[in-house]
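In what follows, chain A forms one complex with chain B and a second complex with chain C.
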Partner chain A sequence: MALSTHTTSSGYLLPSIHSAPPFFTQQPNSSTQAVVTEHWTRIILGYARHRRLFFLRIEDAEVAGGDWDEVFRNERINRRLLPDHLQTILASMAGKSQAVYEPPKQTRAVLLYWRRPEEWAEVLHTWVSSTGHMNTIMTFYEITDPPVESPLSGIPEVLLRKAIAILAKTGRAQMIGAADGDGVRFFASGGK
Partner chain B sequence: MALRRYTRSVDGSIPIPALLYNDEELVASQDGVGIYDGLVKSPDHQAGSIYVSTHRLFYIDTQNEQTRSFAVDLAHVTGTEYYAGLFTSSAKTTLYLASPNASGTEGGSSVPSLAEDSGESWECEVCAYRNPPGLSPAAARICGLCGVPRSALTVPESSRPSSSSSRPLSSSLPSSPPKSGHAIPRAEIQRPSSAISCPACTFLNHASLRNCEICSTPLPRSDSKRAPAKSAPASRPDSPDNEDDKRFIKVSFRKGGDKVFYSALKRSLKGKAWEIIGANNAAAAPKDADGHKALSRSGIYGILKVVETSAHTRDSDLQDSLKDLEALMVKAKEMVRVAAELNERLTATSTLAPAGSGLQQSSGTSTPATTTLIPSTEPEEATFIRSSLAQLGLQMANTPVTLDMMKDERRWIEELARELGQVLQGTGRAEQRHSYTLSSADEQAGSGLMGQRGILALDEVWGGWNRARGVALIPPSTFLQVLPHLSSFTDPPVRMRTFASGLSVLHTPPYTDAAFAARLTSLLTLAGPRTTLDVAQEERLTVGLAEEMLRAVEGAGHVCSDDPASAIRGTGTGGQVRWWSNVFQAYVWDGQIEDLAVS
Partner chain C sequence: MHRLGGVGLAAFERHEQSKRSFAELSNELSQSQVDHLHSQLNQFRTALARFASSHRETIKNDPTFRHAFQQMCSSIGVDPLAGPRKGGWWAELLGIGDWQYELGVQIVDVCVSTRERNGGVIEMAELVRLVTKLRGVSAGTITEDDVVRSIKTLHPLGAGYQVVEVGGIKMVRSVVKELDEDQAIVLALAQESGGRIVEDTLVDRKGWTQERAHAALDNMLLRDGLCWLDEQDKQHDRVYWVTSAMQWEA
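This part shows the complex of A and B:
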C-alpha cells in the first residue's frame, strides 16, 4: 500500500506516514510507539508553527471543528487521533521541553514550544532593537499586538513573560510594575 | 471329618471384603498357614491365608483358591486352644467345633444356616419393606425395618428343616433336623397356659386360637412345640458322638503371626456378633407376653430407630464400596497386563505372517496350507482386536512408564519425556507401518497427538498423554518437569514456550518466534494488512493462538497494529485489529520541512 503525502487546505504538507492507519493507533510496543510519538511531535510542532498556534488541548482531539482537525483527523483513511493517545504524546513532549503544561498541574492543555523561550527572547530583543524601542518602557499589549505585524504578534502573555525573564537575567530587560498593567524596558546589551 | 462337616466351600478368587456379609467385619488375617483336620494334616489345605471376621473364619488356598478355600461359621466353635509351638513344630490354634443346634441353648440364639437365603432380597410380609441381600444369616432372618421374623407368617415350621437340611451337618444326621427345627424361636414361650403373641401385630391371643384375633395372622402353636424343645438336649446323644474327639480343626501358623491372630479370634468369639440380632429377637419374644419390652423393638419407635441406624450403615457401606474399588483395581492391573500380552503376541504373529507368505512364494509347494490361511485372515482379526483394545484405552505399544520401574527420578523423567515424544509424534516410522488407527487418513496424518499441527496448547497435551497412558496418570507437576527434556527425544525437536498471557504451548521449529515473524512479515508485505482471523487461517492455527503469537511478534517490533477504535465513522465495535508490517521502522520524514528562520 503506497502511502503519499498530503497538503492540507491551510497549506501544510502532511507526511506520508499520516495516511497509514497504524499511525493513529497507540502501539503496544514501546519502541514502535516512540517512533510514532516522535513523528506526531514533529507534525504538531510544525503545524503549530505553520498556523501560529500556541496552545493545544486534549479537547482538540475529542471534538471536531477546532484548529487541529486537519492534523488529528484523516478523513481519507477514516482515522482520528484518540484523546488518550494525544495525552501520551503531550506527556512525552512535556518531558522533552517541547511543550509545557499551561496552566501548570494539569495534563489536558499545553503551551507549545515550537520556539524555545530562549529563542523567543532573542526574537523579542531583535524585534525591539529593529523597531527602535530600546530604553523605552513598553506595555505587554504593545508587544503582543503591534500595529505592524511582527513575529511576536499573538504571543501568549505567559510565554512573553518567560522570554522577558530570560532577557532580564542577562540584563537586557527590566520589568516595571505598574498599577494598570506591567511594563518592560529593554536595554541594548548586557550591563546597565 | 470335622473339616468336611462344618465348613462351607467358598470361591477364594473373590476378594475377602466381597465375601463378607453386610454386617460382618474383617478382624485379622495371616498368610502361610496349614490346616489339620482333627489330628492329621488336611492334604488339600496346606498353603493358604486365614482370615477371621466377626462371623466367620475363612481359609483361602494359595494354589487352588477357587476349589480349596472354605469358611467356618464361628457359631460352630465351642472352644479354642492355643499351642505355642516347639522346635520345628509351628504354633497352632485348635478350634473345637460342635453343631450349634445340637449344643445350643434353648434361647434360640443358635443360627440355623440360612446361607442360601441370605443371598437374595425378600419382602417383609408385615411392613412390605424389601430387605437387601447380603446380611449375615442371623440378621437376614428378621425384617430390617420392623423387626418381624422373616418366615413368621408363611412358613414357620416347614422352611426351617428344609434350610437346615441343606447343611452338610444336617444331611449327615438324619435324626436331628426335626428336632432342631422345633428348637427355634417362637416355640419357647415360657408360660404355657397364657396367651400367644401374634408374630405380626404382637396382640396376645388366647392359647387356643389358631389365628390372631386382630389381624388373622396364623399363630404359632405353642403347646405342640414346647415338648420337643425340652427334648432338644436329648438330640445330643443321637448325633454321632463317637466322633467327638475328632471334632476339631487345627490351624498351623508356619509364618508366625499366631498370637495376634489368636487374640483376634478370641475377640470375635467373645463378641458373638452372630448372636446379637438373634438375641434381641429372642429377648423380645418371651417378653411379648408381658407386653412391655416388645415396644422397644416394634411399633413407630422401632421403625424410626431402624431408619436411623440404616442411615449409619449407609455411610459405612460407602466406605466398603471404596474397598471394593481397591479390589477392582487389582483386577484392572491384571487386565492391562493381559492386553499387553495379547498385543505382543499379535505383533509377533503379524511380523511372522509376512515372512511366512514370502517363504511360500519362494519355496512354492513346501509351505503347509495353514500358513496360506494366516496372512489372509490374521490382519483383519488383529486389527479388530487392536481397535477394540484401543477403544478400551488399553492400546499400549509399551506399557506406561511408572516410577517404580525406574531406579532414580532423573531417569524416570527422561523415560517419561521419551514416552511423551512418542505420544506427540507417533511411535516412529518402524511401527507406523502397523499403526492401530482405523482410518487411513489418520495414518497419513501421523499417528501422534501432534499430527499435522506444529503447535499444541499444554492442557491438550497433558490430557492426551494421560488418556494414552490410561493408568498411572501423570500429575501436572511431573508433566512440567518432563517438558524441558522433551526436545532431545523428538524429531523435529518440540519445545515449550509461554506467551505473555501465561498460555504455554509445545511447538515445532516453524513456530518459534523468529520463524513465525519472518513468515508473517513476508505475508503482510505481499498481501497487505491482515486481521488476526486471516493470519489464523493462513497459519492453520486457532484464533486464540494466532492472537497470542501476533502479540508476541508485535512485542518484538516486527509488526504494528491498526486499531479500528480510532476510526472516525462507525467507531469499531465489530471491527478487528488489522496487522501491518512495521511501517515506522524504515520511514523517512517526507512532510513539511520547517522554516527555522525567524519569519
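This part shows the complex of A and C:
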C-alpha cells in the first residue's frame, strides 16, 4: 500500500503524508509531533494561499461543509483532523509568526500569514504604484475591492492596516481619518 | 695435508677475502631479486592502470562488472579503497574511492532527510531507490552491495550507520541505537502490513502477553520515535504505524 499524493477537487496537491492514517492523530512523542505540526503548517499555509483564505477557525475542523474540508478530512482513509490537534498546530503557528490570533486574546481563530505583513506592505506599495494611485487618497474599500482583481482583492482590513502601518513607518504611506471610514495616501518613497 | 686455506696470516687474509666475496654475491642476488620484484610491481601497476583506464567507466556504471571487480580485488587480498591517504593509488587510479565516498555522502543525505519520518531506520530497497533518484538517471544504477560497501567506508566517522537484518529484510539504521529483539520482531511484522501494527497481532502471532506487546510498541512510540500512533482506526483504539515500513511515494 503506497502512500501517494492527491490532488483535491480545487486543484491543490496534497503531499503523500496526508494519506498516512497516523498523520491525523496528535502524537504523544514530542519530536514526532513537531514533524507532524511542521507538515500540517506547510499544508495549511499552502492551501490558504491556493484558495486565498485568510482566516482559520477551530470550527473548521469541528463541522463539515466549510472551506477546509478537503484538507482537514481525508475520506479515502476515513481520517480527520481533530479540533484539539488543530488547536495545538495553531499555537505552534502563532508562536512562529506564521499566524496571529485574530481577534487577539482567544485561541480559536487565527489570521494566517501565508504572506507576512512586511511582504503584504511591499505588495500593496507595488500595486499602488503600478496602478497610478500614488499621492492620491484611497479608501480601504478601493483597495480591498478594486474593479479589476488585484493581489490585494479580499484582504481583511486588519491585515491591510498592519501593512499600511509598516509603510507609514518608512514614510511611504499616511493614514487619513475621515467620517465615512478611513483613507490612506501613498508616497513613492520615504523621507517626506 | 694440504688445506685450501693453508695456514698462517696469509690464510686468514684469504678467508676474510672469500667471506667478503660471499657477502657481495648475496647482496647482488637480493638486489636482483628486489629489482625483479620492482619490475613485476611496475608491470602489475601498468597493467592495472591500463585495466582501470579502459574499464573505469564500466566500473562506475555497470553494477555487475563493479561487483566482479570488487570480488577480484578482495580475492587477491587488495582493497581498492585501502591506502595511506585519500584512498591510496588504487583509488586514484580507479577513481573508485571518490565514487564510493560520493555514494556514502548520498546515503547520509537520504538517511538524514528521511530520519524525521522513519525514526532513523530505512529499508534497504527504499534507500537504494531514493539514492538512485538523488543521483539522477545518468549516474547509472547502484546495488545493495554498493550501499553496504559505502556504509563501511562511513564507519570511521563514527556516525553509527549500520545494516541490520530484520525478518529477512535488510534495513539501514542511521541512529546510534540498538534495536532490541522485540523491536526487530515488530519491525518484521510491520513490514508485512505496510507498517500497520496492533498489540493483538503480536499476541496472536507471536504468543506475546498483552503487557509485552504494549511495552514494546510503547517504547518504539515514545522513546525511539520509530512509529506513529493512530487513534482513529475503526477496529482498534490504538494502531501503531512503523514509518520505516510504510511505502512513501514521494
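We take it that the second predicted complex is superposed on the first by the 191 of 192 C-alpha atoms of A that agree within 3 Å, B and C clash if a C-alpha of one lies under 4 Å from a C-alpha of the other, contacts with A are read in each partner's own complex, and residues count from 1 in each chain.
As a convention for this text, a contact is a pair of C-beta atoms (placed from the backbone, for glycine too) under 8 Å apart; a residue touches a chain by one contact, two chains touch by 3 or more.
What you see is a predicted model, and the numbers here were worked out from it, not measured in a lab.
K.L.:
Clash or fit: chain B and chain C on chain A?
P.N.:
On the superposed model, which is not a single observed complex, chain B and chain C clash.
K.L.:
Applying the document's definition of touch, where does A:S16 land relative to chain B and chain C: first, second, both, or neither?
P.N.:
In the superposition, A:S16 contacts both chain B and chain C.
K.L.:
Hey, is it chain B or chain C that touches more of chain A?
P.N.:
B
K.L.:
For A:T32, using the defined touch cut-off, is the partner it touches chain B, chain C, both, or neither? Pick first, second, both or neither.
P.N.:
It touches chain B and chain C both.
K.L.:
Taking the superposition on A as described, I'd like to know which of chain B and chain C A:G46 touches: first, second, both or neither.
P.N.:
Once the two structures are laid over each other on A, A:G46 reaches chain B alone.
K.L.:
Is A:E75 contacted by the first partner chain B, the second partner chain C, both or neither?
P.N.:
First partner only.
K.L.:
First (chain B), second (chain C), both or neither: which does A:H125 touch?
P.N.:
A:H125 sits against neither chain B nor chain C.
K.L.:
Touching A:T5 in the superposition: chain B (first), chain C (second), both, neither?
P.N.:
Touch partners of A:T5: chain B and chain C.
K.L.:
Would you sort A:K162 into first (chain B), second (chain C), both or neither based on which partner it touches?
P.N.:
A:K162 sits against neither chain B nor chain C.
K.L.:
First (chain B), second (chain C), both or neither: which does A:P151 touch?
P.N.:
After superposing on A, A:P151 lies in contact with chain B but is clear of chain C.
K.L.:
Identify the residues of chain A that lie in both the chain B contact region and the chain C contact region.
P.N.:
Residues 1, 3, 5, 15-17, 20-25, 27-29, 31-32, 35-36, 78-80, which sit in both footprints.
K.L.:
In their shared complex, at which residues does chain A touch chain B?
P.N.:
Within the complex, chain A touches chain B at residues 1, 3, 5, 12-18, 20-29, 31-32, 35-36, 39, 42-43, 45-46, 49-50, 73, 75, 78-82, 85, 123, 126, 151.
K.L.:
What part of chain A is in contact with chain C in the complex they form?
P.N.:
For this pair, the touching residues of chain A are 1-5, 15-17, 20-25, 27-29, 31-32, 35-36, 78-80.
K.L.:
Can you name the residues of chain B that touch chain A in the complex?
P.N.:
528-529, 551, 554-557, 560-563, 565-569, 578, 580, 582-585, 587, 589-592, 594-595, 598-599
K.L.:
Please name which positions on chain C make contact with chain A in the complex.
P.N.:
Checking each residue of chain C against chain A gives 116-117, 194, 196, 221-222, 225, 228-234, 239-241, 246-250.
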